[in-house]
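Chains: A, B, C and D, in written order; residue numbering restarts at 1 for each.
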Amino acid sequence: MALTLYRQALNRALDEELANDEQVVIIGEEVAEYNGAYKVTNGLWKKWGDKRVVDTPISEAGFIGMGIGASMMGVRPVMELMFFSFAYVALDQMINNAACVRYMSGGLINCPIVIRGPANAGTSVGATHSHTPENLFANVPGLKVVTPATAHDAYGLMKSAVRDNDPVYVMENTLLYGDPAAASDLPDDEFTVPIGSAEVKRQGTDVSLIAHGRSVIVALEAAKQLDEEKGINAEVVDLRSIRPLDEETILKSVEKTNRAVLIDENKPFCGVSSQIAATIQEKAFDSLDSPVLRVTSIDAPAIYCPPLEKEQVPNVSRVVDMVQKLG
Amino acid sequence: MQEQIETHKYSEAEVNKSLADSEKIEFLRQMVRIRRFEEASLKYYNAGKMGGFLHLYIGQESIAVGTASLCGDNDHIITAYRDHGHALAVGMSMNECMAELYGKKTGCSKGKGGSMHFFAPDKNFWGGHGIVAGQTPLGLGLAYGLKYNEVKGASLCFLGDGAVNQGSFHESLNLAQLWELPVIYIIENNGYSMGTSQKRSSAFNNCLAGRGDAYGIEWDVGKGNDIYEVRAKTKEAMDRAHNDSQPTILEFDTCRYQGHSVADSNAKKYRSPEEIDYYKENYDPINVWKNSLLEEGVIDENDYKEIDNAAKDEAKESATFAEESPFPEPSAITDDVYFEVDNQTESGKQGKHFFHD
Amino acid sequence: MALTLYRQALNRALDEELANDEQVVIIGEEVAEYNGAYKVTNGLWKKWGDKRVVDTPISEAGFIGMGIGASMMGVRPVMELMFFSFAYVALDQMINNAACVRYMSGGLINCPIVIRGPANAGTSVGATHSHTPENLFANVPGLKVVTPATAHDAYGLMKSAVRDNDPVYVMENTLLYGDPAAASDLPDDEFTVPIGSAEVKRQGTDVSLIAHGRSVIVALEAAKQLDEEKGINAEVVDLRSIRPLDEETILKSVEKTNRAVLIDENKPFCGVSSQIAATIQEKAFDSLDSPVLRVTSIDAPAIYCPPLEKEQVPNVSRVVDMVQKLG
Amino acid sequence: MQEQIETHKYSEAEVNKSLADSEKIEFLRQMVRIRRFEEASLKYYNAGKMGGFLHLYIGQESIAVGTASLCGDNDHIITAYRDHGHALAVGMSMNECMAELYGKKTGCSKGKGGSMHFFAPDKNFWGGHGIVAGQTPLGLGLAYGLKYNEVKGASLCFLGDGAVNQGSFHESLNLAQLWELPVIYIIENNGYSMGTSQKRSSAFNNCLAGRGDAYGIEWDVGKGNDIYEVRAKTKEAMDRAHNDSQPTILEFDTCRYQGHSVADSNAKKYRSPEEIDYYKENYDPINVWKNSLLEEGVIDENDYKEIDNAAKDEAKESATFAEESPFPEPSAITDDVYFEVDNQTESGKQGKHFFHD
């Protein structure tokens, strides 16, 4: 059976949503004639033409703000940030306008906009291109943030995002785009994955590995190794959506395993895993046999040096070690 | 300082020639309503009825009224935090505006936005925005929406003379021209951004609107206190938007009489009271318009008094309305954050959206 | 003895640092001729002149980036953001340049810049003007973030910030500027408060109230009320510095009281208190008698409505209630 | 497409007339070194020795070399991610540059920056910046530092034709003119930002530099492949900076021969190989310069070969140096984050700075 790559799954979701709703328009740098810097929009311009797939100048604040304004009028823009790191030049628009305008208008206006693009380190593109701002955006009430780890979820979450009437920021990963470990066997029929639902990607009894984005793939590998080499049966919970967050699934898992290790490519201080750890200790206090531990990126700007960057982001051996520290 | 106003150079412009007397009177009424509303809001602000900022539009009324008077069903308006004038000009009621200032549930934004954040999308009014120039890409987006849906309309996006130095405005200008979007940027140049005079904040040739040359955008500059001129120049820009789907930058000279916000303790330091008095005396947009209507024989002094008294009464009543309206319930704090939650859709019911204790 | 207000303490610190080092220059909107939107720089332009105190156009990305560039050359700019909320139009400069350039240059360059301004809600200025981005900046390795709660600390931390050779973001509070509860009796002699040191502002035995910024003042009042009305003896720990963080003082307190309630004006998701809760449960797991609880801002954009906004930010009654929930 | 090059219109400019033969040869050597270095880096990149991006400067060498040749002790350079040419032109060694590409400890940035982030503050070279136009306020700050300390110098800040549409650049332009800062913005216009041709990204009158008109900034545009012209026009701007403390925008036409980055799979789609071939044939900056020096009798073919071989050898040796250099230790990941921590000052010892497990 042919597996669909993460990149292809996104592409299919976008293509279908372009077909489903005339108000959907794809806008971003190099998304049209160039087929996307990472080829996520491959073929869409050719198929849908200038109106539906639009190349922009390098003006993120301008074109994202424009997309927000258009969404207020009912257009449903899907904006690509070539890297989510470039959100920082457009942050005011992405927070003050997209997240606040509904509230400040007492609910009169909504912004059905999607902003998507890769948000990851690990590819030696340096500190300024390797930010993982899911924590930053999920901090903001009014925004939704999803971080699919597999082609299946990338497809299903992207479709949900496009159909959602609130701003949804879809954070992808350049390392997953072509990763066979993230590929899925997609059914021919359309489906969606609801925003706000986590998934137990591997059942286990001894410890909950809780992760999002590519760290889920790392966790799954670590779980395999823990099983084979240490006889530890780890459960892997994929958050999928950071905000809204499926706390129920997290807590259920921890209540079963009584131990949690969080795997999180965010920088540690106020990273997503800080929030998850705070929640678990608050709401599953009596279930915990030991503190919630975290494996995050090593706390420095992303280093260029390729072999060292592989150490900087969470990897299997750091997860395996950390699980053993639980005692 | 502007030169003494000539009798309206633009009264003979097509768009003005055809005005019925009733329309001219309506402009007067609108300007007076804005002024009386704001005077009332100042009074009740000082009485402790409101919080936060209060940026008054007094002195600039002709711009909002003149431009809004040209707007049809498919023309849209968006502006900055100095938004009361535009709100009333597009037809919002004093009640909903005053109640918003009071933070009441009956406010146009349910008490969530305050002075800087009036909205009425049903009247094509998209706010009220607090971050300087933050509305300029949004205004572009409104134009994008029009063009995308092949609607013949324009987006009128207002900004101040201080706002022209924000990068997002320039990015918007390039996009507007490159993609031929029907947006009209209207710079209300009152000479100051807070306490900073225009010459201390902006380098330029010609005038601020002239920065459009950088992008090949059409631009024009005019006297903002003369409704005839405001309408004539705006009409040209709207034709350009409607017929050619092309952007324009307009700059109108004007004057704010009050401090930057109510909290502007320096209001009398960075410019002399004489500067304002001189303007009021000679250029006040309401006076200028009133005098023409008197001269044209469209109204007499008595008509004006009636208009004025009606506006004062309306403002006062709006304060009573606001006063008597309830505050929103505490539970309202987390309403209007997410569409999907508010509407309890499937999406809105999935997962946890709010994380406080 | 005359107490010094928070605003005056900052003013004195800036004045002294202008005197101490010719490379110090104050730059921002309305800081000079207008004496500062909130009068923190009152009188400094008159005293020091155009070269040392500089008014800017409304171009935060431009002038803050400029300040960073100047700091690379050895100038020591102290930049005012009229509100820290306006950081969002300058975020790229504040993160990618200020925080990353030392790292990316392998340590060849440093940025001795201070960016200061108020970062608080609670004054009915609406969602876009009420952000509290201390979590967001403290997430970024390369940056330092301090949040003084009293005039004493404002003075001492500001002086440390100006003398520090790394970028320090000083987050003040418009409600504290003139608050007698935040005023201090300052000695005539210069002193500094080290960045990275917390302070126990009230000794107690039953529970640790851990806070930063104005929430410290709230915590102190709550502690008084808990003492007088409930017989609960709360300790109040003022973080003062968010990054670097004085974990030692936090943990010592919790090890003594075995209970912690965090008071934090941040929005809850990935707020500063998420990080503190994660840390406490990790490093003081066995000391905890009950979960670490948090009192944060209610999770919505800042509401305008003045009476409701007072409920939205942490206040004494919410803290008192939460402490009692500890059981 | 540029017109066929005339014999150098600017060879008689003051700044060029006085050039010694040795200096002219040095320009040739610098350009050749840059090209051979980059060819080598491409080769080793393809051999898997490097990670991330590799934006090659090949085709644009005359701009970095021509401008850097005018820089004195108090002139400073900062550029974007396409920075190898500028780095070598200011005097950085191939070894430290190649080692940086390999991510080695001996790299100019200790392997922390990579291709986009070369730095040498001791040579007045401030990088190497990855965010488009992010360096433009920094370049302004360098000029601010010069003026603040009353040093007669200039800041040369390079950017691409795509970067002109970032807001921070415009904010910088206004500040530069308003405060009369000695900054020179040099737009290296190679006609494309990634796969987007200039006409699809930018609206303008005249040319991109002409956007300076919006701020009353002096500007000029010239052929970037002719060192004489680059030097003549840059000299004028530097005089303006040095003598009048005034900014300038310069725009030089040029051409990058390679894809946007090594990973540019579309390099042959958005422009025709013929477009590049034609340029190479007629305008290649090294060829053009070499031919003039041959014509002027400053060098003969043999001299050129020697220069070329030396450059190739140097590049090859730099790869050996890089190959043999060690990677930084894992502990280095958290070095160079904080000055105070690295130097173990009192401040650096206070509190916890790093928060990973």
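Please note the rule applied: a contact is a pair of C-beta atoms (placed from the backbone, for glycine too) under 8 Å apart; a residue touches a chain by one contact, two chains touch by 3 or more.
What you see is a predicted model, and the numbers here were worked out from it, not measured in a lab.
Compared on C-beta pairs in contact, A-D and A-B come out with A-B as the pair having more. Distances between chain centres, each the mean of the C-alpha atoms, put D farthest from chain C. Taking the mean of the C-alpha atoms as each chain's centre, chain B and chain C sit 36 Å apart. Note: centroid distance chain A to chain C, computed from Cα atoms, is 30 Å.
In whole angstrom, the spacing between the mean C-alpha positions of chain A and chain B is 40.
Counting only residues that touch two or more partner chains, chain A has 57, 59, 61-62, 85, 88-89, 92, 96, 103-104, 126-128, 141-142, 243, 245, 267, 269, 275, 293-294, 299-301, 303-304.
Shown for chain D are the residues that touch two or more other chains, namely 109, 111-113, 117, 129-131, 134, 165-168, 170-171, 174, 178, 200-202, 334, 337, 354-355.
In the complex of the two chains, the chain C residues touching chain A come out as 61, 85, 88-89, 91-92, 95-96, 99-100, 103-104, 126-128, 131, 135-136, 138-142, 243, 245, 266-267, 269-275, 277-278, 281-283, 285, 288, 290-294, 299-301, 303-304. Interface residues of chain D facing chain A in the complex, by the touch rule stated above, are 50-53, 100, 103-104, 109, 111-114, 116-117, 129-134, 162-163, 165-168, 193-196, 200-202, 266, 269-270, 327-328, 330, 332-334, 337, 354-357. Chain B meets chain A in the complex at residues 76, 78, 107-113, 117, 119-122, 126-131, 134, 136-142, 144-146, 148-149, 167-168, 170-172, 174-175, 178, 334-340, 342, 345-347, 350-355. Every residue of chain C that touches chain B in the complex is listed here, in rising order: 29-30, 33-35, 37, 55, 57-59, 61-62, 85-86, 88-89, 123-129, 267-269, 293-301, 303-309, 311-312, 318, 322. On the side of chain C, the complex with chain D involves touching residues 25, 51, 56-57, 59, 61-75, 92-93, 96-97, 101-110, 112, 141-142, 144, 160, 164-166, 194-197, 241, 243-247, 275.
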